[in-house]
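One structure is given below, encoded as structure tokens.
Naming follows writing order (A, B, C and D), and every chain is counted from residue 1.
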Amino acid sequence: MAKKYDVIAIGRACIDLNAVEYNRPMEETMTFSKYVGGSPANIVIGAAKLGLSVGFIGKIPDDQHGNFIKRYMADAGVDTDGMVIDQEGHKSGLTFTEIKSPEECSILMYRDEVADLYLRPEEVSAEYIKQATNLVVSGTALSKSPSREAVLKAIAIAKANEVRVIFELDYRPYTWTNAEEVSIYYSLAARQADIIIGTRDEFDMLENRQGGDNNATVAELFKYSPQLIVIKHGVEGSYAYERDGKVTRGYAYKSNVLKTFGAGDSYAAAFITALHAGKGVEDALKYGSAAAAIVVSKHSSSEAMPTIEAIEQIMSEQAATYGS
Amino acid sequence: MAKKYDVIAIGRACIDLNAVEYNRPMEETMTFSKYVGGSPANIVIGAAKLGLSVGFIGKIPDDQHGNFIKRYMADAGVDTDGMVIDQEGHKSGLTFTEIKSPEECSILMYRDEVADLYLRPEEVSAEYIKQATNLVVSGTALSKSPSREAVLKAIAIAKANEVRVIFELDYRPYTWTNAEEVSIYYSLAARQADIIIGTRDEFDMLENRQGGDNNATVAELFKYSPQLIVIKHGVEGSYAYERDGKVTRGYAYKSNVLKTFGAGDSYAAAFITALHAGKGVEDALKYGSAAAAIVVSKHSSSEAMPTIEAIEQIMSEQAATYGS
Amino acid sequence: MAKKYDVIAIGRACIDLNAVEYNRPMEETMTFSKYVGGSPANIVIGAAKLGLSVGFIGKIPDDQHGNFIKRYMADAGVDTDGMVIDQEGHKSGLTFTEIKSPEECSILMYRDEVADLYLRPEEVSAEYIKQATNLVVSGTALSKSPSREAVLKAIAIAKANEVRVIFELDYRPYTWTNAEEVSIYYSLAARQADIIIGTRDEFDMLENRQGGDNNATVAELFKYSPQLIVIKHGVEGSYAYERDGKVTRGYAYKSNVLKTFGAGDSYAAAFITALHAGKGVEDALKYGSAAAAIVVSKHSSSEAMPTIEAIEQIMSEQAATYGS
Amino acid sequence: MAKKYDVIAIGRACIDLNAVEYNRPMEETMTFSKYVGGSPANIVIGAAKLGLSVGFIGKIPDDQHGNFIKRYMADAGVDTDGMVIDQEGHKSGLTFTEIKSPEECSILMYRDEVADLYLRPEEVSAEYIKQATNLVVSGTALSKSPSREAVLKAIAIAKANEVRVIFELDYRPYTWTNAEEVSIYYSLAARQADIIIGTRDEFDMLENRQGGDNNATVAELFKYSPQLIVIKHGVEGSYAYERDGKVTRGYAYKSNVLKTFGAGDSYAAAFITALHAGKGVEDALKYGSAAAAIVVSKHSSSEAMPTIEAIEQIMSEQAATYGS
């Protein structure tokens, strides 16, 4: 039976305020452009642009920013039936960015009392999640109650209804109380996930250690539900580990880098889309890397999400040098 | 390899203030006797009295009540190395009781900002838990962060070190935000437990439903770690379900009931002690029921914990009428 | 025009749990007797017993302790029309006492999230306060919002309606954030009061200093509303300063001291009653001292409040030795 | 003895994010320009531009926005010795504005957990305030502890050291718990102020009523410290009441209105500057109105603060039509 949604993501949809001026620190940045942001929102916006049928579960404020977020996501092709309007005065999260240099882009986040972390478990609909093939869970949504419980409930619903759980670690050092807490909830979610995607640093947070080893990490997680684990190592590329022992290395495409933020979300969107389309892991890694290469050359995270054509153009153009 | 502790419990050790005067509502009760209280504390005090080697993990206040709790438990034979003194001014939980009639005993709990709910995960020692054969987890300790995370960590340590996890549901409608939250964390803990003990009402909280069915409950939980599930039905007695399909009914012993509180803790202490001594499930249920019959005839919960001799005397005296 | 109430007090009415056993620390105290407590509650109970018409404004919990407090005060002759039942689950404050020796009586207070500190300004009735000749304000009620604002509003109503404001400093190092905060609100209240009563230590808190001087203290306060300021120096007795420069020294009566708590409240009740009856300051100081001498020889604070006859008996018996 | 500072203001210095695009609702506004904002910050920036020696007391975040605020104010000529850097992760308040039409400009404020409301009384220096001729107090800084106590302390210092207190009501319906609370603290501050400036609506908040009458308002306040009270009635102009009974009406100058926000701050800056320069009340009202007329025609509040020349040019150009 075909599901109505290829992917439903749960977590935050916020506001990015990206520096208009280049090559200056945020203190000297005087103008900011507004975009929808937040990892899970970006992933479904990206996946919609790549042709998937997507939905979103999250809480947005009852104000001008909330109105913008909902309208933008709807226009981008995201089903908003799972989006809840906050009634308690909570605001949208904000991320101010600077574009100082391709290597240096500090951000400033407003995450106190934000609406997305007030999503309650009773606001998560089992009927909605059952209609999805994949549920994308963002680690940041685990950082505080009641959003934490909303996500744990969503995972339980997905597990009970054969919805594939994709856990994007998306660690942000806000809201979390301490490293023990991160590790406890990341472990609870990871053990129930089918696919896990994160950077090596994020897997270290999951394990509450420093300098962890990929082989040990995946050996431990494969004792539980995961089938596929992608560990990203920045410029060195990434490694995809499968439960049967297969390891596939992914490489980065060349890009005219403007800034680094947004890369992870476009990577996840394209990787998931490719897997969903039946591509193999090696190809999916290429789609992810190509999408990331495009977004880092553009000004935003959400608005810059590429099309399939743009991704495949890079994949064909750079095929000769790939991996060199 | 012999473990140092037969049982370590994690959760609250508090103060009970029991009515000295009988047959009157709390409003007219003018004198209260002080005892150590709190389900997991009572269980290890009871188990110590029954001959087990026990330890306790919990946070107590840095005041006169905290001093009393620690000294009383040490005197009762409980190892207190895992007890942490709160440094932030939190107080001991309090439970005022009335003894209005054997059927009617209202309680009044002080649970705001209590020390036990401030136990942090980093205060739970893996080395300590590894030395135990059984870890008793109290459901109330899951009701709020950071105690919630401390318990989730303790369970993870136990699971990784072959320490048997016994989950006493111990549901108290304080501190919990709503029924969804109870169900989410009770489910997370129950699925990782080896043994679960609770009333039918408490299993309904776990399942976030009303009027649940024992067979459906155990069928669902046996998909995960549990090997033995005891569901108590008040005066109708209890049912012990084993993973292999065996069901054993337990009956209540007659008692000269003074009040009802404390019954569950003495039941758990004796049941666990009997199992640990290698008794079968049917015998363990009898030990539990006999211990409960003794405690409900006495004034306190902790101080009234019976000896093996007292339990076995009841078992022998009432053998003829048992189950009639 | 005669007012309906001689005195209305605003602030906390709580529960005292006094040690039944004597000569032992609280850790070893195993039985506690329940009384109504809290400085402003004790003062109106004491004043009622001395024959005044009194009322009380405060918030009590919707539980067994709240029911007891209201019934006890009503039975003691206190009008309870100004008492509000908390609807948000807040509890009664508690004070556990030990009776270790006449010189050493530690207490243990439960003051987190207590109902009395949740009295809101909109729950304070101007119509009620207008019916009083005197409004007694307790310093502790200023320690936290919204009780703080309720008291500031009550003072404003009193000032606008020629109700005499008596400020009992009643400093308790709970709830207050820091010494600056104490000084700010004590100063705001003191400058609007007609009569101020406190210990030298409490006046030091008001001034945010140590080792303050009475003359400097009263010189500063007499710039504002106060007409009469009583500064208590423990066993050395007390000094009453009047705006016109008159200073009257008060002495302590001999007593068979059981414990020290409760002395201040009975002192205030009798002092205010005497003033209200038209006695001079010197006599009022004697009434206060005699009442205190009685209460420190008894087990409770509220229940032990003396009658006029008992006070005057001490005053007559000890007249010869007074001041010696 | 000449004071070092003509004016010191206490309260918030925040970030304004003003719509770059005109004639559209905030939802459709895609670019925002960053400015320093917050009523007391704007007032001292404006006063500095008009030639006064000014200082500022407030708490700013330890981040890029905090750095910008401090540098901008220093560059504008404001002494920043009284500015405290928050060490607890609090953020700068934000105000997003739209420029929909001259009559309609909604704003969206971020005021949860903002640094300015965490200024503590112990961070307010008596030595600093003593060096000022005028202390400008912003009503919003009274909306929450500990900023509330910091302001009450600043007022007490000013009163004890003959620093003139100017209370700008600056009512914002954020943070305040309810109307009673506003009225209580506005009354406490107003009664201690020498000069009060606000709109009729703000004086209604002070009095916790609707549709208040200017004569009644000033009659009540003149019982206390105030010498001069300015009540603004929007397009109808304003009224300045003096303690001796004199009433002066002020009128608005014509302006090419772009947006309405910022008008009050520039009005206060110019009015205070004129008074400080020894102008009469009638002239001071003209300076205020002319400054407001300039700012409402410009894009920002702080950056648009006019010079004396610009103000006097308007005053001379529009002299003929003034009051018509």
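Criterion: contacts are C-beta pairs under 8 Å (C-beta built on N, C-alpha and C of every residue); 3 or more make two chains touch, one makes a residue touch a chain.
If you're wondering where the values come from, they're calculated on a predicted model, not measured in any experiment.
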Centroid comparison with subunit D (C-alpha atoms), farthest chain = B
Give, as an integer number of Å, the spacing between the C-alpha centres of subunit D and subunit B.
-> 60
How big is the gap, in whole Å, between where the Cα atoms of subunit B centre and where those of subunit C centre?
-> 43
For subunit C, residues contacting two or more additional chains | none
Mapping chain-to-chain touches, which pattern fits: line, ring, star, complete or other?
-> ring
Between which chains is there touch?
-> A-B, A-D, B-C, C-D
Touching subunit D in the complex: which residues of subunit A?
-> 17, 20, 25-34, 63-65, 67-68, 71, 91, 94, 96, 98, 106, 108, 110, 112-113
Over in the complex, which subunit A residues touch subunit B? Could you list them?
-> 120-122, 145-146, 149, 152-153, 156, 177-178, 180-181, 184, 187-188
